[in-house]
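What follows is a single structure, written as structure tokens, with notes after it.
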Amino acid sequence: MSQKHDVVLIGAGRMGQIHGPNAARHPDLRLRYVVETDPALGAKLAAELGAEIATLSDALADPAVKGAIVASSTDMHLEHSVTCIKAGKAVFCEKPIDLDLAKARAAAKLFDGAPFVLGFNRRFDPHVNALKEKIASGVIGKLETLTLINHDPASPPPAFIPRSGGLFKDFTIHDLDLANSLLGEPPTEIFATASCLVDPEIARLGDVDTARVILRTASGKLCVISNTRRSGYGYDQRVEAYGSKGMAMSANERVDQVQVWGEAGASASPIRPNFLNRYAASYKREIDHFADVVTGRAKSQVGFAEGLAALAWAEACAESARTNAVVKL
Amino acid sequence: MSQKHDVVLIGAGRMGQIHGPNAARHPDLRLRYVVETDPALGAKLAAELGAEIATLSDALADPAVKGAIVASSTDMHLEHSVTCIKAGKAVFCEKPIDLDLAKARAAAKLFDGAPFVLGFNRRFDPHVNALKEKIASGVIGKLETLTLINHDPASPPPAFIPRSGGLFKDFTIHDLDLANSLLGEPPTEIFATASCLVDPEIARLGDVDTARVILRTASGKLCVISNTRRSGYGYDQRVEAYGSKGMAMSANERVDQVQVWGEAGASASPIRPNFLNRYAASYKREIDHFADVVTGRAKSQVGFAEGLAALAWAEACAESARTNAVVKL
Amino acid sequence: MSQKHDVVLIGAGRMGQIHGPNAARHPDLRLRYVVETDPALGAKLAAELGAEIATLSDALADPAVKGAIVASSTDMHLEHSVTCIKAGKAVFCEKPIDLDLAKARAAAKLFDGAPFVLGFNRRFDPHVNALKEKIASGVIGKLETLTLINHDPASPPPAFIPRSGGLFKDFTIHDLDLANSLLGEPPTEIFATASCLVDPEIARLGDVDTARVILRTASGKLCVISNTRRSGYGYDQRVEAYGSKGMAMSANERVDQVQVWGEAGASASPIRPNFLNRYAASYKREIDHFADVVTGRAKSQVGFAEGLAALAWAEACAESARTNAVVKL
Amino acid sequence: MSQKHDVVLIGAGRMGQIHGPNAARHPDLRLRYVVETDPALGAKLAAELGAEIATLSDALADPAVKGAIVASSTDMHLEHSVTCIKAGKAVFCEKPIDLDLAKARAAAKLFDGAPFVLGFNRRFDPHVNALKEKIASGVIGKLETLTLINHDPASPPPAFIPRSGGLFKDFTIHDLDLANSLLGEPPTEIFATASCLVDPEIARLGDVDTARVILRTASGKLCVISNTRRSGYGYDQRVEAYGSKGMAMSANERVDQVQVWGEAGASASPIRPNFLNRYAASYKREIDHFADVVTGRAKSQVGFAEGLAALAWAEACAESARTNAVVKL
């Protein structure tokens, strides 16, 4: 077996609890350290995964540590990534790179050519990848338009809203990156419109919960993004790609394949209820990719540039929704 | 427009009320007479369809009458068909030709080459026909096995049971003919087993309501037939054809294409509730075929021989279920 | 049987050939006259349907004529409707009422309370109606957003483009009316963006072939409309209605229920290829409704006001696409 | 964390390569030893899983070893299970318990109450379990009939046939146990008919490749089993349970949720191609259950008695197919 490469996990919260186990179980990685500001939280995850608690500087000082997984709070993503890259480590960073576009742009040069993987997990989803292969195969002809449906099952706790960056930077950003990955050319114009239909508390906090976005590219390709914070029917994650010869789509997974047929109709089991179970495979596969980067077997497929682009478009969405006008990029 | 050909409808009951309007609306046919033992029933249908009430002999004596549609009670199918064929008319006869195999066999010679269409309506169903074309196209390779699912939504009134001929002659006979039409070779062995699970009254009347039948052909092809008098979920009409390279199936129609997605799952609208709405197109198309036979444009695709064969196999099913043994044909 | 009411058909072209037979076969209507500028075309249809050729003034002068079906060329819809209403006839008029909003507005007063049915056929589609019932039942909670997918299989002949009124007035207008029918409140803002991706000849003629539209209502409901002139996969007609408790959709019909499973996957038969077969039931049902209006059994469910509204919104779409800005209504 | 319990894996072939990793990764188990007659095969798997090569007697002599996973060749299943049970170990044994019913019956007493889990993996499949819950919920009323479709994608190498025990003991046995698990009462009569349609070499070796089986219980419930060695379209694993109020089914998983819509129809990705990927979850879950038995947290849900019953019914199938008659149990 190959020698394992040591990595450090920064952050033992919700995303750390996803990435930590995936790293710990990876055949090429050893999760050596957990860095966490909440000692109890850090100690619990470290114990479960056979890792040690450490300060960030101690962890980075260990020459055996080859990589860092940044799963800290959003406002620390950039700082932690910069520190780790400067320390010569490969970095996997949870999205978004930052909420402040100017700040992120200022840091961009450091990441040029650096071993940095940004956690846009949908790029690693097996269904999305299979769809991409279909598009690439030419079976639908030339791609012309795209529809992305991204509906969360239930709105986050109000406390999350103020530090989320708003719907566009927190949530739509996934779709903006996915559009980038699928369309083959960047948007040149963005129009977004949004409402607060789910929870008036979200409006009171200055955010929206329901949005529709149209991206337009230089060649006239169109992409519609549909977002809501609360679907009432699970985690709706669909992609529809329309081409000159047909359409390819990625439909929802269901929790199981059971159907019940009765006089009132046929009912299928629900779609996946949330991102944890819908995207479990993609979280695992993005750490697989990170392991390839850590071990030098591959270059990062999605890095800082993609993070900057999606962030800029998310800001454009917010501006468009605020001004009720098209934003040109 | 082509000149219309006059036809007589014998029987204004349930099936006459299906075939009568289809004949009356056909561009090449004119429904001239209705023959019915119940005067009120006959008068009502005749008025609706612009036809006249007549006795059978008067109707057949009219030289303008070129065809007869036999939709009388099952015990009169054969006698009416014989009379009409002898009178030189083209005949469409509702299934089955008779409940008594010996009697039917004795009459067979008369029908040799006669313009006689038997109402095995599934042969005219658009879905079944599309399936047949797929099989013929070779896309599933060589057909090896077949599964026919024919589940009635709700059991008939007990009064119907004694004169029905029993589950196999009344109901399974459709599947036996469909197997004949699809398999390409006749069964050489039949095994049937049946239960009374739906309604004890059916057992008391000497019949069964749930059956499974296996047909075996000389070359070893196998066909399973699944029957029930009461599904609890609509009129389940599926065909699955398994070949050396894949499978082709005809799935159920639904009453509409509406789906509702909620937290408990996704529900589609019910399948067609009964034979009237599921097979409306096939009833129309079998009269279209009859019109082609009446006008001399086509030879009958399904005649007395097919009726005899299916009846013989239905009897074999009944014998197999009674003796709990394979019946060799 | 009820006494039949005489009607006149104005126009024996593509739409006249749909509405004429539906009227001729209706139990309460008699298609008495066909009015058509092309004598051969008119004579052919009249003969097929058992009607007489007449001039419009002669037909309207016949006091037995109670209704008129306007299926003339688009530029004559309004003039013919006005003439027939003034003659005291009930009118069914194919959409749109006119291509010129100012002209249509000027005529509006005449239609106030008049027996006028506008042929927005989707309102009569069984699937759309079933969807509407689901929404009304409350099963998805309060309706919040709507997605309408209306993709034509193949672009019309270039000669049609200049007199079509453009994509929005010719094609999107159906979706605008459907949104009106489903949303429960009119749009207050419209944003549309469009491209010519299908056929450069369409661009040369000053039109577009691919569009995305977002409607916004006073309460913040959002509706996305997706249009293309050429799908490459049939006539895609889907409606998705998102509410506070779930989603209801109307999916596509397929030409049959056959599936083929092979090593490369499972293939289902194509969706309906064009409007004629997809909406056959709705064309029949709108004439059923017109018969109810002619006979005085019902008031029109969709009249001049709905036609004006949809036309105004189609103009707003065109203006939005041209100015690349939101149009406030 | 709980202390790990040591287990030994007997057999490093196809099934050992499935069960070994599942045991090695289980949080409560440590895969301590691998026992294998082929030294290279054993050494490779042991190295991958961090285990040691050992003889069976040495492994069983280690008091830390609490359980044994029997994945040896079929003819050794019973002997290895007996040895391990006698050594006081909990045993997980791959199906079938043996090919010789008399020999298995003779050994049955030893297994009475013993911690023995038989690897009927379908009992642990999430879809089957969800289906079972639906049936238990009463949503389909009282279960009346059952259809089990178990179609292998491609026939095994001819060399496997002579030592397989034949189609019924090797393949149908899964369905017989699943019927046992779902029907709630054992079959009292079995009819089986089989053909060799896939590969004449299979017939030359005295076996069949295509079978249909009907089970009948004392209360008249009916179960149809459909088997083939080669489907041509993947690993078809469906269960349909028909009750007095409706039907519940477990449909096939697909490799992904991608669909492509074109003019020829809509194609979905293939169903799972073979047992390894279709039943990966069930293999993991049966080892989870075995861990519960090893640690004393649970009693075995499927033991020697179930293995004996299924083996007896498989023999009855073979006898029925040979004699072409119903076998009463």
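A, B, C and D label the chains in the order they appear, each numbered from 1.
Just so we're on the same page, a residue touches a chain if its C-beta (ideal position, glycine included) is under 8 Å from a C-beta of that chain, and two chains touch if they have at least 3 such contacts.
Since we're looking at a predicted model, the values are computed, not measured.
Asks: Write down the chain pair with more C-beta contact pairs when C-D is set against B-D.
Replies: Taking the two pairs in turn, the one with more contacts turns out to be B-D.
Asks: Measuring between Cα centroids, which chain is at the maximum distance from subunit A?
Replies: B
Asks: Averaging only over C-alpha atoms, locate the centres of subunit C and subunit D and give their separation in whole Å.
Replies: 58
Asks: Report the inter-centroid distance (CA atoms only) between subunit B and subunit D in whole Å.
Replies: Spacing between the chain centres: roughly 42 Å.
Asks: Identify all positions of subunit B at which a residue touches two or more other chains, and write them in rising order.
Replies: Correct list: 140, 232-233, 236, 245-247, 261-263, 269.
Asks: Which bits of subunit D are touching subunit A when the two form their complex?
Replies: 1, 25, 47-48, 126-127, 130-131, 134, 139-140, 245-253, 255-263, 269
Asks: Where on subunit B does subunit A make contact in their complex?
Replies: 232-234, 236, 254, 261-271
Asks: Which subunit B residues qualify as touching subunit D in the complex?
Replies: 140-141, 144-145, 147, 151, 189, 191, 193, 195-198, 210, 212, 214, 216, 220-222, 224, 226, 228, 230-233, 236, 242-247, 324-326
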